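Note that subunit A is present in both complexes that follow, paired respectively with subunit B and with subunit C.
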Partner chain A sequence: MTRRRTVLGAASLGIAGVAIGAVAGDMASDSPSVAAASTSDPVAFHGEHQAGIVTPAQDRLHFASFDVITKKRSDLVDLMKDWTNAARRMTAGRDAGQYGATGGPGEAPPDDTGEALGLPPAGLTLTIGFGGTLFRTADGVDRFGLADRRPAALADIPRLPGDALEAAISGGDICVQACSYDPQVAVHAIRNLARIGFGKVTIRWSQLGFGRTSSTSTTQATPRNLMGFKDGTRNLKAEDGKVLAEQLWVQPGDGAAWMTGGSYVVTRRIRMHIETWDRTSLDEQEQIIGRHKGNGAPLGKRAEFDEPDLAAKDMAEDAHVRLAHPDSHGGAQLLRRGYNFVDGSDGLGRLNAGLFFIAYQRDAHKQFVPVQRLLAQKDTLNEYIKHTSSGLFACPPGVRDDKDYWGSALFA
Partner chain B sequence: MTRRRTVLGAASLGIAGVAIGAVAGDMASDSPSVAAASTSDPVAFHGEHQAGIVTPAQDRLHFASFDVITKKRSDLVDLMKDWTNAARRMTAGRDAGQYGATGGPGEAPPDDTGEALGLPPAGLTLTIGFGGTLFRTADGVDRFGLADRRPAALADIPRLPGDALEAAISGGDICVQACSYDPQVAVHAIRNLARIGFGKVTIRWSQLGFGRTSSTSTTQATPRNLMGFKDGTRNLKAEDGKVLAEQLWVQPGDGAAWMTGGSYVVTRRIRMHIETWDRTSLDEQEQIIGRHKGNGAPLGKRAEFDEPDLAAKDMAEDAHVRLAHPDSHGGAQLLRRGYNFVDGSDGLGRLNAGLFFIAYQRDAHKQFVPVQRLLAQKDTLNEYIKHTSSGLFACPPGVRDDKDYWGSALFA
Partner chain C sequence: MTRVNRLTALAAASLVVGAGLAGCSSDDKKDAKAGGPIAVTATDKECKVAKTELASGTHTFAIQNSGSKVTEFYVYATGDRVIGEVENIAPGLKRELIVELAAGSYEAACKPGMIGSGVRSTLKVTGENKPLTDDAALAAATASYQKYVQSQTGALITKTGEFVDAVKAGDAEKAKALFPIARTYWERIEPVAEIFGDLDPAIDGREDALEPGQEFTGFHKLEKDLWDTKDISKSGPVADKLLADVKLIVAKANSEVLSPVQLANGAKELLDEVATGKITGEEDRYSHTDLWDFAANLEGSKAAIAALRPVLEKKDAALVKTLDEQFAAAEAALNKHRDGDGWKFHDKLSKDDLKTLSDAINALAEPISKVAAVVVKK
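Coming up: the complex of A and B.
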């Protein structure tokens, strides 16, 4: 019996894992998806910031939003401790609990569900965030005694033009983003957190993503979204140094002290009308985006990373690249970490497909909201997309060591 | 501009691809999912049989069922020719059409959607099947003049005990199974076939699978399903020689001559109540399955591939491994090729997760139907699963050469 995934995983993968890592580096410039899929190593769980934000974006996603059903603060705190222990183990490639899927007393349910037995850590990161509803006072009751700790930056996102949000797949009390190079590892992690949380939380909504649509490191090639264009060329990246302090990480004095070193994540499920897009001419597609489809260069430029000329005549007034450019928003930038999705079909003969947008930032009300308001008003791309879900979560700083837990400063 | 994916893919991946292939072989015994994900090479499209059946099961799936909306037989035949050309190109790692996503006249829509630009072939296979409704005579009209060519083996699957089938995600006129080591490549293929079929077909339903749950070759390790158990240990495999002629491939004299060399595929979307399963004791889980969870050995045996002792006292009367064993069905076997899925959540606080069962065989009415009838009546596993969709499709023999097309013998 294999009580720990690492016993099997590390032993059998040792040399092969190193060889693959080396090869993946060579391939990274042209084949982001397959190259990255070779990465089997773990990502460190402890740190100043949570992993899964500037960590080079892994290929696969399982994102879950939970509703808290217990009414007891102590249950919630216990769950955070239990989840942190499980996350610490799983990101290291181990079972979710001490006895694993096949150990312990046989008359007890296993404390791991087993589908990741034998799989390597596969770059798993687990990133937690707290939604505004967790801090809510309703009918005079402060759900968990957190009402006065809600950061101003966690105010609800205002309704934006064109929003077609479905409440059932929006919001939530707690989110967990699981990213990995192996979807089975990401699914296993969310499923085991849900199992551990039985009776305290239920899954409100959940989203799988099969292909990353952004690079979060200069070591990664820019991938393509389901419009066929390179996406996230100008994304904030791990190597951006002090810009990350300006744009990504909550700083001392920003408001709620427990969020210092954290970040705010916005999620938007963006359904694409890909069948309509696919009948649009290449010229029009490129005008709408403002980039060449082949190599991703801004219109009128030659290479992907050339600076767009926003004054150029061949760049349409409402080109996406112009509207989304930091110069159109007082320098506001986002660290995007989105994924392509296909959720089957829509019953009307079309694929239910699009982009699950994920963006981290220091203050969504100063970054995502103004950017999206302008896009929602002017972007021609709106003819081809629809925002069907929305979430805003406060992601606390990293777990420092074995004694720390997710949200410890919030509950202290 | 990259008109052909192979120009970029092959050139940049050459040496790296070989290195990864070698490493993947070393890893196969312990890490089926990640090891296989390294495979970037193409799978041959032409052959006696369609690829994607005994091809070693790739890690990722996009399965689509189409309704034919044109009423003209000539449209349908033209579509089969166009689809075959596109499939031939895409499985070789090329764009879906001559001008790709970024070539040709800019005032025309691209003839590839672009999201797979720069990705290698990634083992893509595309496998087509024809549903019984394509051969239907309704209100005295023979839809496509095929009524007298419907094989007896393509008779509708009878209603089975416990079926909870949803019509909207069952059946269909034509299915295409896309398997690949890169989900973006599989999604791209289905999406481009849908694009090419605009006005002639619409997508009836579509299913993504993130992790294979069977091995179809002795070179592959047995993967785990979402119950955490190794699945498909006794599966029919590519190396089974003459057993494949008995159990998998339609033989001369089996009925409709156009199906000789083909196979019948049954699909069943099996929702798992994983939350209930996760609260079941390890002992009970192992009794229900009839195998040890850790190494997959039959109860009372030591190793995964040991023959189960169906007479043993420690094997429950209704253990899954006993009920599904060929000895319980006059030797009937299946080539299973299923995938794990998570389709978000179900609105009741649970993951909408399970197994998308795919099985190929010579005659579903002599193989799948009696096996499933017994399982549906007696298997304790039924407390934890629900069949929500069903499909049966006749998969014709392989495309022989550049002039041949999918279903040519049917339409001849």
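Coming up: the complex of A and C.
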């Protein structure tokens, strides 16, 4: 076994030793929501729920959507086991394979790609989800005998007003969300999983996110999106206790039993027309959002976490805060975990920038869909944004121990 | 052509294996005295082999091409390991192939039109076999591959000559038809060619890869003259140089014995060629005949792995099974784009088509990248 961090200097070796110990300890407990003590520490991989959902949102994202190309169910199950082993290693700060980037025979290509040598675990979480097409293709084919296990909640998201979705960067059979405090660690994880998957899966699309736009714990400050506003102030958070059972985690009796303890993730790549937004007056920007740009307080209030007063005359009828507020949707909430992106430029002198929206919930058809439908109909923000990709994936419960693997209950 | 040769450093080691080889093959030699050559009658549809149950030892096949297409004759062991082959048998011609066959099951194949897996029949060879030691098995692998290289280089000179003649005669249509055929023999053995540093770019260099002061010559210069500038009136000297360079590299290649590790890496590098040059359409950017090169790279890779097969089966049977499956999958993916005796042009393939091919090459190249370490494993 190779430990990436053995190449670090003496000072960090001490820290590394502690970190490894911490992993071993955490593996026994069901506590993926426990924050890494520092941004270089590992986050426990095993637990009742998958890590990377209520885990305090790390700074960087590499999200990948895969299509399954093997026709054999046994190949798919083998891949889940191989991926789980690699994920278990990489989230602990170890190399993807048994020999590592430099420990294998000289005649063979290394079983780890090497770019994370010398880097700490950096809070890496790897979260898997299964798309509707894994259960039945768009052409109606049940490739793996899974069609009758497709949860009702995994029904396709209906077309919503204004959708400009590109099929090539939407959907997919399997998604993996890699979050880390170090972008290289996140990319390393996806790259190695993709390599392990050659011949069984192929990357359909992937998305880098350079900065988090949500906080998923009260211990975190609220970050800003590329419109310059604090985003996710009123997010579901790790500390929300009973509300998480109600809004986030799939409960017994919700439908497909294999999803109990899991969650449904919606992804939307939202391109922002930041150039026209930047030419909009401060007053108008604040009215569109419904918050003050400076400290994030709702219009008419003083502090960020003050409850928005939807009745106040300061709050426009179509303010984003009002349209998205749980009171407008029978209490529906989302755990948002989005990331800012800039995918280079668009050839027209503009940055290809926006928000890669990620939201976890108990049932997307009762939570994301009605919220987004209202926003798509009324939100003035629509003049400045365009949804270009969409995904819905069923994220199974957590991997319990060394013998368990991703999706074991689904394939059992 | 693509890159600076990485194999020269290993050339010295390969000579040692080459030396051990002569002793090994004579060990097994038994004179079968099977009563004269075995007649093979090849037509456009059939491949009649006069005798299919043979005693172990040396046999001569006499192949008569009675068809209307140029044909090839192969003797394969399991996994399409080439025991011997004759390329480029023109209609009406008769050629001989001498092979040494140990006991086991083989296939004889004629390939009218020189494409596809051919018309096959089973050969049963009986007799006694001594098991090979590891070193002897490796030596046999390199010897087997050397035979393959020699069979390809013969056809390479012939077909390049025909192509060059067509260019010099100003027959653009004929030259265009011959261009991908001549390149097929080149692309099958490119890892060998790459050993000879400066000849490779002269024969197969692309215009964008030239260094300042380097002259644009070889296949791709003539490709540009034929398809892009559409003027071959001044191409004669380049055509002559191409044939001279090809003859030079063939003389060198025929005397080169690759080491088993070079063989394994060659198999992988051929797929790297496919991944970076052919799938993208960069290799034959004017003619769009990239799929001919793709098929040839795949065949060459398979030939190198087939030569190593007895060694691999002993050391990692599971890997051999994976390689068989993935070679078959890659061939199936490619065969969807067959067009008559040739292939579709690269610019006629959709993005989805290309992604499927790319996935198939990734699926095959990952396990192939593990072969070298298995070969050297004690």
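FYI, the second predicted complex is superposed on the first by the 371 of 412 C-alpha atoms of A that agree within 3 Å, B and C clash if a C-alpha of one lies under 4 Å from a C-alpha of the other, contacts with A are read in each partner's own complex, and residues count from 1 in each chain.
Note that contacts are C-beta pairs under 8 Å (C-beta built on N, C-alpha and C of every residue); 3 or more make two chains touch, one makes a residue touch a chain.
These figures come from a predicted structure and were not determined experimentally.
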Check: Who touches more of subunit A, subunit B or subunit C?
Finding: B
Margin query: Going by the contact rule set out at the top, does A:Gly294 touch subunit B (first), subunit C (second), both, or neither?
Written below: first
Note to self: Contacts for A:Ser214 in the overlay, against subunit B (first) and subunit C (second): which applies, first, second, both or neither?
What the structure shows: neither
Next item on the list: Applying the touch criterion given at the start, work out whether A:Glu107 contacts subunit B, subunit C, both or neither, answering first, second, both or neither.
Entry: both
Check: Looking at the overlay, does A:Pro183 come into contact with subunit B only (first), subunit C only (second), both, or neither?
Finding: first
Item checked: Contacts of A:Gly199 with subunit B and subunit C, given as first, second, both or neither -> second
Next item on the list: Kindly classify A:Thr127 by the partners it touches after superposition: subunit B alone (first), subunit C alone (second), both, or neither?
Entry: neither
Next item on the list: Name the contact category of A:Leu117: first (subunit B only), second (subunit C only), both, or neither.
Entry: first
Checklist line | Touching partner for A:Gln333 - first (subunit B), second (subunit C), both, neither | finding: neither
Item checked: Common interface residues of subunit A - those touching subunit B in one complex and subunit C in the other -> 104-105, 107-109, 195, 198, 202
Note to self: List the residues on subunit C that touch subunit A in their complex, please.
What the structure shows: 261, 326, 329, 355, 359, 362-367, 369-370, 372-373, 375-377
Checklist line | subunit A - residues contacting subunit C, complex | finding: 69, 104-105, 107-109, 195, 198-200, 202
Note to self: Using the touch definition from the top, list the residues of subunit B that touch subunit A in their complex.
What the structure shows: 1-2, 8-9, 12-13, 15-16, 19-20, 23, 26-27, 29-34, 37-38, 40, 60, 62, 64, 67, 101-102, 104, 106-110, 112-120, 122, 168-169, 181-184, 187, 190-191, 194-195, 198, 202-208, 210-211, 221, 224-229, 274-275, 278-283, 285-286, 292-295, 340, 342-345, 347, 349-353
